[in-house]
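Look for chain A in each of the two complexes below; its partner is chain B in the first and chain C in the second.
And now, the complex of A and B:
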């Protein structure tokens, strides 16, 4: 079968599986959580609890009294229409809230991923070429230390650093919010620059704590590749060292890092729940936190589905690009069964 | 442990040297079983420990982890009602005592936000609600280690089972298991755990540990799967297959031992994920309540409740819980970096004090540095 077709089918199957998992979870929730929500609203205002309950249940994605299959069908068909339900916390439709939030999360994530891979690939390669030098040893040590710091600890330390340093840095890297105040959204220099500045600290928290392991494995892979016979042959053939470094060593050392890339995409999108709360960065993760805080089921399930869809799409893109780098993956020869 | 000559002489007078030797032989085989047990112990416990200890990374890691385990045991005993720690402290006249990290009733103003190293009754200071920071730091260790253990064991067992079976069996089994692994891998961990915890509301640390690693095993299963794919084509595996040895036994004796480095390293990564995610869950307020039972609760209090980063002079509240978090995480990283040496057979035998006949060809290719 065509590899691309197979891969697309797999992505769609994953999406379906995730939606089903989300439904099963949501199906098991309502009773207690609806009670909880009703209690909350009734506490703050003196409305009749039954009216509140009815309005909440009418805004759930399915009728809790209906049969499992019926509920599932209404849920899936609503999702297919792009309807994720109504959020009480945001005061608007979940889909509107999240459509507006997703680009911000993706901005931070892509900044962090690109920066992290650029730095660790270059660093790992240089460390491998200078194996055993002080540069190698010092960077290995720094890499291990920074890897040991959880991303949220790094976030606190960055805020602490920015907060205690002089005003210019505070202005350059604001530790709160996602865009400069009093600047209209749009493709203006002021807005784009402001958005980038606000994304720097969250992205740095990922980058600082994530680059170490990646650089170390790049170093290991490069050292292993440097010892391969084909590199020696290439040297004996008198190929330029630039060509050897890029085509022979670099390419083969990078390929095994592919799994790390996949895992780090999922990890970053997942941990946005914590990081965006710390930086008060109104992305998808921030809304998930708000949803948990207020036990807002539609928003919680909506963020869960949206984050997973982002991961599935990102993984799909990474898979397709990877297949261009490494044609072996497409042949998919897994050998016979025993 | 050979039988001495006296014994042999007492029991049965020998007519000639032969029978005595025969008896001696069988006695020796009986003893070697014990010897074999000791050898296995040497090989599987003492030798790896020696190798591990020789590497500075594992040495540091084991020391830190040992400290955590010792603390956890003492605190756990305290929580169970055996106040060994406080008795010992009182004996030495220490002003500080371990106490449950909840806001004391009838709290006086001098107990609120004490700065560290000022009042030795609260060596690391207190929060605004009077909770002693040092007590809170220690209080969290037992449940943290329980979570780490449960999560590590669950994800490692799950991944090893799925990875080896799918890799070795191939065919339909492989495609089905691979699809499951792919789905599990593409569901981002923390949001799934957040939703699950919000619904299940677990309180046992073991359950929390397993919930956190509910899809962490997938990444490891993929690594193991690809390793098994190359292992199963090895000639010795093929030999076992030709001899008609059953699949489970081939997996156990031929495949699994070669996977040990991946399994241990990934146990450590799973453990690290449990540390990160459990702290995140407590920080987000999904778990726990009213008491500083986790370092994440302390971070939450410091940052969100008492604005440690915006009010000057309060940063210590936020910095204190970071110390054990980073220490534990660093110990795990160092352990994973150091353990790959454990499974290199050549390094291992050299450390066990045996002489190894290294083949010369090997030397020529890799001259000793």
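And now, the complex of A and C:
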């Protein structure tokens, strides 16, 4: 129980820190924030700057003229009510924009993470069992090469591949957008299938460039676990090799990879800014890029906060599941998992 | 009966006629003949066990003593044909079940070998602390072992609980625990219970108490004694700790440089050790009454497995060594009815290597015990 309290406390503290940092950054944007926005809008239209200014100020989350503390308090209380301000780029509330964008980013990330772990764990374990074979050597080489390719290069290559391919492939893996056109959103086969197809290429970009390192760590851990006394004793006790591979080698070799899982979640969220731009995939990262491009401060702060919340939640979930996988964790045998 | 079984019976009968540390009289449960373990290494072939002949009598506790790197762990693994790769075991190992045909251990099919291990000959490892899967409860270790051998799980778990309580553990508490929740001594005892859950005839223990404190070692020894009586077990106890095993063992076999060099009843070995190395080993065992600076170690270094000395392997360190020793490898010589030593000059050993710490007039069992305290 104590353990959960501690973890929850850590998560809440991280959230608070991020919210505060976001505020401080916004508060300190050089020049008057509002002036900046007004200039931008007036440039493209011939509306009266004063009307624009009023309209903007009324939609800001805090009064830029107020004191720092006052501004901070208004901002935090608005946040607590779920109000993230108004986005000029999206033309609607930040919370609406993001609530609608987050699931798409999560879809790509979960596809990438699940696929990557499934492939890496199996591959790494097989490589360990066949240590030194051509299969092992070839895969080690391929793993190192793919790992050194940046994800956005993989993204471009994938788009090229699809672009030069025949129509069926292009149809199957659309390189742009996030959902099939002319299909109504909802839990229909056509829509879900379409959404999945659109998520494949972005997910593959992560997977291709990320699986190698993971498979190599799994390989190393498995080789180490294979040398453990308990594996030898299990063999002498006559356990089937299938059981030894899964319950003894696999289970114990996977544990250290939890750190990699966390790192990859954080990495993917960060990279979504670029990747979703490449695929014109309207997720959280896409909006963050748009926000930065247009100096849309409320949207910037919103995406920043949402991404952090996602990381914090993912960390928390990983933490809790880790303690289920490794019985030593809760009794403080090892203290920290990673 | 298969052809293989017939053949192994014949070889077994045939091989009992050989001499060495063997005798034809007692009821043997294991016969090891000319067992050898070698490794291919960059520097050449390394022989980590060389021509070992040994009979294990049914129902006895035999202690195998040697320094680390003397080949004693190899001997332990050999008895289950469980030498780790890339070690290659050759020779003959015959197991005689209580009733039934002799079994040629090294000639068994994988399936039969799986049955032999743990069901007939079981083992407790040196790395006892790490012999349990850390991510699995203790109970599951028992259950999966029973299942792997198609044993009745319910009856098996009943046996497990009895074994655990015989070992002074609370069965349910231990079974419900994860390995890391048990103390070293508890884990060790749980492992002994696990090794006995299929009711084997022979239990091979490789340094089973090495990582435990003195008190725990002591209590485990007395528990082992009880277990042997209750279950008619034969025990092979491998250790570097001569005084420890002297308390428990009926017979002691001493290994030096990958070979067996002396074997005999415990009393005989303690009082009248005939091999200069055994005598040096007895002198080197810590005597807690003596001041620290008087503690001695045996002079010289243990030999390199790739470059074992010719002749008697002990000659570079032996005060009695002469040209014969350098040129020839001594066979076992009969010292007493059941006592043999592989040394040309065993008759002179007592004089050349007098006992320093041990009070030979006192009852050796108790004197050793007292020293160890």
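The rule we apply is simple: the second predicted complex is superposed on the first by the 327 of 338 C-alpha atoms of A that agree within 3 Å, B and C clash if a C-alpha of one lies under 4 Å from a C-alpha of the other, contacts with A are read in each partner's own complex, and residues count from 1 in each chain.
What we mean here is this: contacts are C-beta pairs under 8 Å (C-beta built on N, C-alpha and C of every residue); 3 or more make two chains touch, one makes a residue touch a chain.
Here the structure is a predicted model, which means the values were calculated and not measured.
When both complexes are superposed on chain A, chain B and chain C end up sitting side by side without clashing.
By the touch criterion defined above, A:243 reaches chain C but does not reach chain B. Contact with chain B, but none with chain C, is seen for A:150 once the two complexes are overlaid on the shared chain. When both complexes are overlaid on chain A, the residue A:251 reaches chain C alone and has no touch with chain B.
Looking at the shared chain after the overlay, A:325 reaches chain C, while chain B stays out of its contact range. Using the contact criterion defined above for the overlaid structures, shared-chain residue A:259 touches chain B, although it does not reach chain C.
Of the two partner chains placed by the overlay, neither chain B nor chain C lies in contact with A:186. Of the two partners, chain B and chain C, it is B that touches more residues of chain A.
Once chain A of one complex is fitted onto chain A of the other, the partner contacts of A:233 are limited to chain C, with no touch recorded for chain B. Panel annotation: after superposition on the shared chain A, the angle at the CA centre of chain A between chain B and chain C (CA centres) reads 70 degrees, nearest 10. Superposition on the common chain places the nearest Cα atoms of chain B and chain C 5 Å from each other.
According to the touch criterion, chain A has no shared surface contacted by chain B in one complex and chain C in the other.
The touching residues of chain A, counted against chain C in their complex, run 228-230, 232-234, 236-240, 243, 247-248, 251-252, 255, 325-328, 331, 333. Per the touch definition, chain A reaches chain B in the complex via residues 10, 13-14, 17-18, 21-22, 25, 28-29, 144-145, 147-153, 156-157, 159-160, 163, 216, 259, 262-263, 266-267, 269-271, 273-274, 277-278, 288-289, 292-293, 295, 300-301, 303-304, 307-308, 311-312, 315, 334-338. Interface of chain B with chain A (complex): residues 57, 168-174, 179, 182-183, 185-192, 194-196, 198-199, 219, 222-223, 229, 232-233, 241, 247, 275-276, 279-280, 283-286, 299, 303, 309-310, 315, 318, 322, 325-326, 329-330, 333-334, 337.
Chain contact summary for the complex, chain C toward chain A: residues 80, 82, 84, 114-115, 117-118, 123, 125, 127, 130-137, 144-145, 148-149, 178, 180-181, 194.
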